[in-house]
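The structure's right below; bear with me while I get my questions together.
Letters A, B, C and D mark the chains as written, and numbering starts fresh at 1 in each.
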Amino acid sequence: MNTDLPTSDRKAFYEQIRELNMIPLWESLSTLVPHQPNGPCVPALWKWRDVLPYIEQAGTLITAEEAVRRVLVLENPALPGYASVTQSLYAGLQLILPGEVAPAHRHVQSALRFIVHGRGAYTAVDGERTTMMPGDFIITPSWTWHDHGNDGIDGRSEPVVWLDGLDIPMIRFFDAGFEEKSTAMSQRVTRPEGNALARYGHNLLPVDYQPSSPTSPIFSYPYDRTREVLERLYRDGDVDAWHGVKLRYVNPATGGWPMPTLATFMQYLPAGFSGKPFRSTDGAVYSVVEGTGRAVIDGQSFEFGPKDHFVVPSWKTFTLHANDDAVLFSFSDRPVQTALNILREEKLDA
Amino acid sequence: MNTDLPTSDRKAFYEQIRELNMIPLWESLSTLVPHQPNGPCVPALWKWRDVLPYIEQAGTLITAEEAVRRVLVLENPALPGYASVTQSLYAGLQLILPGEVAPAHRHVQSALRFIVHGRGAYTAVDGERTTMMPGDFIITPSWTWHDHGNDGIDGRSEPVVWLDGLDIPMIRFFDAGFEEKSTAMSQRVTRPEGNALARYGHNLLPVDYQPSSPTSPIFSYPYDRTREVLERLYRDGDVDAWHGVKLRYVNPATGGWPMPTLATFMQYLPAGFSGKPFRSTDGAVYSVVEGTGRAVIDGQSFEFGPKDHFVVPSWKTFTLHANDDAVLFSFSDRPVQTALNILREEKLDA
Amino acid sequence: MNTDLPTSDRKAFYEQIRELNMIPLWESLSTLVPHQPNGPCVPALWKWRDVLPYIEQAGTLITAEEAVRRVLVLENPALPGYASVTQSLYAGLQLILPGEVAPAHRHVQSALRFIVHGRGAYTAVDGERTTMMPGDFIITPSWTWHDHGNDGIDGRSEPVVWLDGLDIPMIRFFDAGFEEKSTAMSQRVTRPEGNALARYGHNLLPVDYQPSSPTSPIFSYPYDRTREVLERLYRDGDVDAWHGVKLRYVNPATGGWPMPTLATFMQYLPAGFSGKPFRSTDGAVYSVVEGTGRAVIDGQSFEFGPKDHFVVPSWKTFTLHANDDAVLFSFSDRPVQTALNILREEKLDA
Amino acid sequence: MNTDLPTSDRKAFYEQIRELNMIPLWESLSTLVPHQPNGPCVPALWKWRDVLPYIEQAGTLITAEEAVRRVLVLENPALPGYASVTQSLYAGLQLILPGEVAPAHRHVQSALRFIVHGRGAYTAVDGERTTMMPGDFIITPSWTWHDHGNDGIDGRSEPVVWLDGLDIPMIRFFDAGFEEKSTAMSQRVTRPEGNALARYGHNLLPVDYQPSSPTSPIFSYPYDRTREVLERLYRDGDVDAWHGVKLRYVNPATGGWPMPTLATFMQYLPAGFSGKPFRSTDGAVYSVVEGTGRAVIDGQSFEFGPKDHFVVPSWKTFTLHANDDAVLFSFSDRPVQTALNILREEKLDA
């Protein structure tokens, strides 16, 4: 900055106003109001083969009672100490061993569970249990009692790992978090498994039903159903040059997002797909369900395979490529950016 | 935490996963998902008599050309270096001297101007100028060209100071900021002053009008009109035991907030008013328009008078008291908390 | 219709199914699903000088006690016996003499009062009275207690005539009408006159206000304010080649229509204005407030002056012309057509 | 009416104003603003065994070319000549014989097809065909090209009969009907059958999808899926004492009604169900899919069996009773009554 004011005078002034908790805007305007998104986040990949041994170790070293929620948090390399995978999103990998139970609590934070590995755990929301199968997308709505357990399925029991996606950084940012623990270990089951999906998930709603919150009344979106749709649309030729076949999960009572703070997506990239470059202000976390391929993010290449996770920061140009048929789950803060009227996205040509 | 795992083993494990950009949730769960809002912000007061000398000094030491926007940012004492008055809000006091012009630009950030001191500056938005008078609330909508100047009024010219309120921290947090500078110093004036208020501000709308954004088409809410309403409602007895006569500014095309990220309020506390305690998850910044009184925030007492500013953090219980008739402007992030479905507020009894 | 079936056989068949309450669609398809709107309504004009003597006569011949609501209903000439001015709208001219009172009742039907003649009557809605002045637009919301009276103003008393606009035919068509009479003659006044306009009518709303119905919380839109806006926009050059300066009244709590069933408009035609042709599927009833001019509707010319009323049926092309500065109030069923997604309108070039 | 005015004078007055197209409100107020719904409609039942012979006769006597749409309209006995089953609803039974084609057209009227009898006809909407099976609910959205045909299925061909439900009386009432005939016999098929249901019907939506109209993008709601949900909810105990298991069809892009003018419902009455009395301002047309039972409407009893149709007028109290497991489809004008804010319904105790 070219100025007639001697640096020393300016400094003295800055120190004086500092006493009053004031700072000069002109020294930081271009940082505060950037020309385009310039946040600190970097792309990153967590390979399943690297992560799995530590998840297993966490299972042996630390008991469920001790850990309550035995989760390894995926932290953006550029945000050490923030427990955030982007500035607004939290992601972690949670392990639950056969026979374990995570006691009931509720919190303002909205959570998604995306099942990565193993079968037979359950989560209970609002009096209904759902058994977790790989690829299922499950919701824990804001301020709703929930607990987890791992009872096994078909007489077999195995460790189960899921991706936790939460809006923890948002709630922290807006400083609006509340949490409550239940006195009961698990909540009472009041409805048979599958009731919510039957009630709300087939383009029909109970005649007197009025939504009591913006969160989807369906809390489990099973993978087999989603997978079928992706393939069907692929066969019908509904393939986008940027996204392949990309769908967003929907709250059937509103047509909106499943949760007010988190958008979730599932996409299918046919073998050999090589997507055009895309960027968006909502950075996203990806969980690979099937297949292998490559994400090129801001010039960096990340090879991915099943159960790998990666993060694409805001406004970084990226492309997706599939070696064999690939299925990717992802989530972002898109509903909030839409509510704030600040979402921008761009499909680029090359 | 009581555990059988030797601290040293655990530490080793933590260091190993740290290499993979992972951290153990169980060490920080209660911080990440707090029992109730526990953000770092503290209440603070900026007395006009303390602030004014520095504003004046900024006017003499630093030219408008140099400073572009000559603003002293009000920074929360607990957030040094963040240019934030709460975690989500930015507030600053801007000075414009007679004859100065601040060149046109636009940005994703939504801005409000609340006129604190002096008459005769103008702001131009979307081809229409509005002359600023103390107590006026003026909007600069997201991604709209705007510029300011100080031409004086009625042949007189004086320094003008206004409160800038912006969503800068939110846009930074969601990493969605864009900014563009105009090649022209000022934008071309295409509509006479007052046209927008006439068009949209009298419970009538042009028959073919369709809103093109969620931001209010009125960009100036003059104080004289607002003041009249406050007094009228006071005379009619519409006084709330917590808030006095408290009104929210409205986008007349939707009935919603004037901007998608910022709520604005004006309230009247009759002489002798002593409000009951209140708390809310949307912290707020106050600008005192008239009168003297006291805000007791989280047990701390702050005496206020005209042109003083103070901040009430999220979920801190506070009460308002007026010595003589007081008028307070305030703003918060309430529209966002409502969109996220996380707003909580509580009227307490004692 | 060319057919091999002997007419006599067909007739026999038709008679047989008639017994079972069935009719053959193929005999009436083109009528039931017309190529374009083909309703029976015709344009019509009611000149004040013709109507006034009968209004006065109704005042002398029939007491208020007897008539309760002393109204001459404007009936579309093509719909005798339907008490309808278009198929969906009701319009009538109501007279209230000095000292008279029309007792309180409420009904599902939404009503508008547009004051045509005389000063000093009042209507009371929801515990608040409003004094009626020519040109004022006043709402009686659905299922809200209301009563009228004529107490005079400034010590003077005169007969008052207003236009009643209601959705009576719609409520009859959907067969959803309910009505209740109060045991009290007038309702108790609980709020001072003008309170609702102060509360809701200045781009501000009480901070805790939540609309309890889709009807505007403002129930009086005074003419002086509306008139000022029209002139201001005319001076600013906001004149449409079809409509002049045309505004729609707005519910300030939503930006939508004042009532869910009725749209209301006010428009200004500067002296010499000769509008281009327009048509719309929502037929409308006009009340002339000021000025003289001509409406050419479906090829027929209607000269209008102050206090005249005319009706433009659905999809009839019409133009408006002003001799001297003219102000026209109008209402239609536009909100319903919009909700049904069937509204069409067309600005024609010649 | 007790009055001092000689009857003869009054009559003369009425005749004079009649000349000016005016009538006295006070002679008809209580009819126009009734104490409660008092429309002319009566309940009625159309037994399949009575209706079928005439449908078959219509098939032999009248060719498809001649009839275009070979439909027997169900007319309310109290509305002869109106082609209406209630004041606002149209219902008809349409027959299409093997090999026939009904040429493409489009109209403002929204239509539903509910398949009553036979398999293997198709309807094509917006470039996609859907094969009709009994119990399927199919939409023809407003102003969308559509055509029908009967090609058979699995090598077999049979006459197909469906219930047509339209908003014809509403569009006539608001006088907003437009219609256009295609020059092509059938529209070009551009998407494989089932594509729309795959795209929009599984709680997922294409990521870039934006609804272009309020009508559901799913145009076929297959019976097998609906039937499964009804039974599942019955097994789960979700049985209402008035309605049994009653669901409304939903537009998955909004959570609202499938069409802006028509609500559609499907309900399951377990064998032996005897419902409590209910009334609602939206009269409804019922089509019996399975089972036998009894509807008691306004004191009249109607025995029903498969493929029978009956109509319940506005605000008539009725109860439903099932001998064996019964499934009933129904439709009404509920979306419009909700938009007008006039819907009332009442669950009575005995």
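Odds and ends about this structure:
In the analysis below, a contact is a pair of C-beta atoms (placed from the backbone, for glycine too) under 8 Å apart; a residue touches a chain by one contact, two chains touch by 3 or more.
Here is each chain with its UniProt name: A, B, C, D = Gentisate 1,2-dioxygenase.
Please read all numbers here as calculations on a predicted model, not as lab measurements.
When the partners of chain C (Gentisate 1,2-dioxygenase) are compared with those of chain D (Gentisate 1,2-dioxygenase), no chain appears in both lists. Here the CA centre of chain A (Gentisate 1,2-dioxygenase) is 53 Å from the CA centre of chain C (Gentisate 1,2-dioxygenase).
Annotation: 31 Å between the Cα-based centres of chain A (Gentisate 1,2-dioxygenase) and chain B (Gentisate 1,2-dioxygenase).
In whole angstrom, the spacing between the mean C-alpha positions of chain A (Gentisate 1,2-dioxygenase) and chain D (Gentisate 1,2-dioxygenase) is 43.
Residues of chain B (Gentisate 1,2-dioxygenase) in contact with at least two other chains: none. Viewed as a contact network, the protein chains form a single closed ring in which every chain touches exactly two others.
Which chains touch which is summed up as A-B, A-D, B-C, C-D.
The touching residues of chain B (Gentisate 1,2-dioxygenase), when paired with chain C (Gentisate 1,2-dioxygenase) in their complex, are 191-192, 194-195, 198-199, 201-208, 211, 216, 218, 221, 225-226, 228-229, 232-233, 236, 238, 240, 243, 246-255, 265-267. Against chain D (Gentisate 1,2-dioxygenase), the residues of chain C (Gentisate 1,2-dioxygenase) that register as touching in their complex are 1-3, 5, 9-10, 13, 16-17, 20-26, 28-29, 32-39, 41, 44, 46, 50-51, 54, 57-58, 61-63, 66-77, 83, 86-88, 90, 92, 107-109, 142, 167-180, 213-215, 260-261, 281-283, 313-315, 333, 336-337, 339-344.
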